[in-house]
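Shared between the two complexes below is subunit A, which has subunit B as its partner in the first and subunit C in the second.
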Partner chain A sequence: MINAIDVTNLNYSYPDGTKALDGIDIKIEEGEKTVIVGPNGAGKTTLFLHLNGTLKSQGKNVSIFGRNISEMAIEERIREIGIIFQDPDDQLFMPTVYDDIAFGPLNMGLENKEVDEKVKKALSIVGLEGFEDKVPHHLSYGQKKKVAMASVLSMEPKILVIDEPTANLDPRSRKELIKLINKLNKNQGITIIMATHDVNALPQLSDRVYVLNHKIIAQGSPREIFSDSTVLKENNLEAPDVFKLFKVLGFFGYDYDTLPLSIDEAIEELTKTIETNNGHIHLHIHEHTHQNIRDFINNNDHHH
Partner chain B sequence: MEYPEIDKYSSLESPIHNFDPRTKIITFTLLIFSSVFVEDIRFAALALIAAFILLIISKLPFKFIFNHVKWVSLFILPFLIIMPFTVDGDVLVNISYITVTHEGITYGFLITVRAFTAILLVFTMLGTMRFDTTIKALHMLKIPNPLVQMLMFTYRYIFVFLDEFQRMWTAMTSKGFKPGLNISSISKIGKSVGMLVVKSYERAQRVYQAMLSKGYTGNPNTIVKFNIKTRDYLITFLIISFAVVLHISPVVLLQ
Partner chain C sequence: MTTLLDDYALISPLRNRNNWLKLIIVAFGLLVGVSSTSPVTPLFIALSMSIATVFLGKTPLKLYLKILTAPLGFAFAGAVVIFFFFGSGSEILSFNIFGYPFIANSEGINMATLVVSRTFSGMCCLFFLAFTTPMVELFAVLKKTRLPESFIELSMLIYRYIFVFLDVAMSIKYAQTIRLGYKDVKSSIYSFSMLVSTLFLQSWEQGEKLYLAMDSRCYNGKMMMFDAKRPVELSEIITASLYFIFILTIFYFTKNISVV
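For the complex of A and B:
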């Protein structure tokens, strides 16, 4: 089977000598949701810029659907893979929202009428119908972020690369964005790869997680990654709050099957436990509780 | 923050607002050139009155225009003061080495009137359409592409730049920085301006990457939907006739 993204032994240093990427291997199947986590400056953005050939390394290390990225024409490339950047002000460079969203489709050589339709459709996907004539500097940050997304969705790429989708968003916009990303993945089969520091959103957004710190440190399901406390600690990461809470509940005698990663999973877990225990949850303090909790807190506090 | 927006009142309704952007740019430019080259002070005054009438028709608030014009006048008014003393001609007043000439006064007034006419017309033109429309109209008028794209990006990023400056200024003052005219203060401002330049350079790189990611190849990428109506031809005809009359009548009437 052909992978949607195939990165083999990718190395990259910036012109000033900063080694950003060191022997990266990543394989992503079509329709998968992959999250890249790692501390600030780990090379996530640098990796993403390689995925559509904006940055180039010496070798032929990046393939999209089995084809080498450096051998693809620009119009082909933007049909296959779209990148939504970290800062929407970088991505919205045209005078109006319409112009920004029409930019990609026009580069694909579409007719004006088709371009119009693509713009309309992209705006309705992100829920900003009627924003065509707005100028970017009159938009809120969250709206800019959505327009930036629409400006890539209008090219209808098969793979969507998103750098920090939830950063700086208010809770509601964050929730909407998570929902939107999942919808695109589920309904349209778009392969999604994103970078995020938002560990609480991560479980809902990923089938597979890569920990990147210039090299690939670890990979696995969200549960596997969050259960590995050494990897977390060494890469400035933390498990989701719900995950940690249930770990603490465990010290109070709560007997879990699996540690839930999200609120939804927590509800499921609690319901199951209560039903199997005749309608009760039993918690208590035993002789090791305090010591366990102290160890747990110290282990999670990176300063100690 | 408060942006200095020239197109703040572009959504009002007036015949000037409804005037097709391309024909508006052409006719106003013609009228501006025509008024700037008028030699006779009386016809220059006539052009100024016409500019005022156009401004009134456009319904742009006077306060808005005044706010912009007052800064520009700082550059014009010196002419009114200097000209009477420097142009040769019939001497009106003579105090020791300083002479004021009749020609000087007329010429000073002529320059001032011409300049104000031009400014009023420019603001009426730019103030009655959105700036992105102006840029697109220029694109359609076959203004060279690099120039149009430069205008486009300047227009987009001037606001981002202003925000960045504002943020930096807030950061500086909240750390106790007091702007002043001493060496240390000026050197700090110098350094922060340097930082802004570096930041802009880095942003430019990221924007370029984003453009490449959307398939940019250097070609213009906008769709413009203008259509010229009969009314536009009429207004164009009226304004251009006036521009021509400004130059023909002095020759005919003042023989």
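For the complex of A and C:
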């Protein structure tokens, strides 16, 4: 089986000698959704720039679908992997929405008619039909973010690299973007790899999580990562609120099978518990409850 | 948030008309207005262009008048000078200020009205273009001219980043103002120089990000631009032609009319 992305022993130092990436190993299968979490300045963006070949490593460390990225021509690379920046203003540089989305396909050497179709299709995927002749500075931040996605989607890459898809968005745009990413993954089979600090969105957005802090600290399913409080604490991370709440409920005697990561899972869990307990949930305070909660709060408090 | 002329042009209903038609109408108005020998034709062109801008182009009337006052002020100031110091002919008005004689004569007054009316019509024609044709539409027109590609592409990028840096500049200015950066002349000069140097560094950084953005979408020296196909309709051609004929008729029959 050929992996979509294969990173082996990737090292990178900044010009001043600081080590940014240290022996990174990442394997991502086709169609997988992978999230990279880690504190600010952990090297996430640097890693992403290696994935589309903007930064080049000396060795053959990065392969896309089994091919070494430094041996691929830029047109080939772009067909395989598209990168979406965190700040859409860094990504959108053309006068109108249409120009920006057409930029990639046109440089791939497509005919005008084909370019036109790709632009229309990309706009309909992100739900911004009819925005062709708008100028970027008349759009909201959320709309700009979607246009930035469309400008990459118009090149129809097989892998999408997204830096902080939900940062700075209002709740509605955030929800729409999460839905959009999942739709792209499910319907078009696009492999997704993204960085995010949005732990509450993370469970819906990932099959697999990597904790990056210059090195790969840990990897696993979202539940495995969030259950490891030492890893979370040492890397300035935290678990989703629902996850923490159920942990606290556990100290009050709530008997859970698995800790839910999202509201949906919480509803499922609660329903199951209530149905097996004749319509009740039993909570109580026992002798260790207060101590346990104190420990838990202290453990989650990054000030200590 | 400041609103620029371009912002009005972007939402103007006349934006969706053929660019070349608008350009030809404006060029015609400019040429006829400037070459007219009587003030009647230019004033008529000014009036029709203003009506088109405000009613067909849905430009706010207040804004339109406000923007017109600046160039008109200059035109009137110039006209006053011409009025008193140019030409010959029968004397109309004369008086002394501190012993200096000010004499206005018939040729001077004719010339002054002609200058004002020509300026007025020219301004109205250009404002019609500015209020109905945003820059993004003109890029497509520019591309059809034989101007060098790199010139057009640079102007497209510059256009986009004007707005990015305007935003940055305004937020820096705001950040400085709320910390009393402009409380007196000295601090204003200091703050403004800081703003300019920060803007320079930011634009440098933005340039590097731009390179990254273009590179990751395989820039190879080709740029496309939005060129919505807006064919000229027959009715538009007929209306424009009638307008041209009407103007030329006025031009012909009023050529000898003057104020005095």
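Here is the rule we use: the second predicted complex is superposed on the first by the 304 of 304 C-alpha atoms of A that agree within 3 Å, B and C clash if a C-alpha of one lies under 4 Å from a C-alpha of the other, contacts with A are read in each partner's own complex, and residues count from 1 in each chain.
Note that in this section contacts are C-beta pairs under 8 Å (C-beta built on N, C-alpha and C of every residue); 3 or more make two chains touch, one makes a residue touch a chain.
Keep in mind that what you see is a predicted model, and the values were worked out from it rather than measured.
For the composite obtained by superposing both complexes on subunit A, the positions of subunit B and subunit C are in clash. In the superposed model, A:Y210 lies in contact with neither subunit B nor subunit C. Of the two partner chains placed by the overlay, neither subunit B nor subunit C lies in contact with A:Y12. Legend: residue contacts after superposition of the two complexes on their common chain; A:E75 is shown touching both subunit B and subunit C.
Once the two complexes are overlaid on the shared chain, A:F251 sits clear of subunit B and of subunit C alike.
With both structures placed on the common chain, the touch criterion links A:E132 to subunit C but leaves subunit B unconnected. On subunit A, the surface patch touched by subunit B in one complex and by subunit C in the other comprises residues 49, 52, 54, 74-75, 77-78, 82-83, 85, 89-96, 99, 102-104, 106-108, 112, 115, 135-137, 151-152, 155. For subunit B in complex with subunit A, the residues that touch the partner chain are 3, 130-132, 135-136, 152-153, 155-157, 159-160, 203, 206-207, 209-217, 219, 221-223.
Remark: subunit C residues 7, 10, 134-136, 139, 156-157, 159-161, 163-164, 167, 206, 209-210, 212-220, 222-226, 228 touch subunit A in the complex. Interface of subunit A with subunit C (complex): residues 49, 52, 54, 74-75, 77-78, 82-83, 85, 89-96, 98-99, 102-104, 106-108, 112, 115, 132-133, 135-138, 151-152, 155. Taken in their complex, subunit A has these residues touching subunit B: 49, 52, 54-55, 74-75, 77-78, 82-83, 85, 87, 89-96, 99, 102-104, 106-108, 112, 115-116, 135-137, 151-152, 155.
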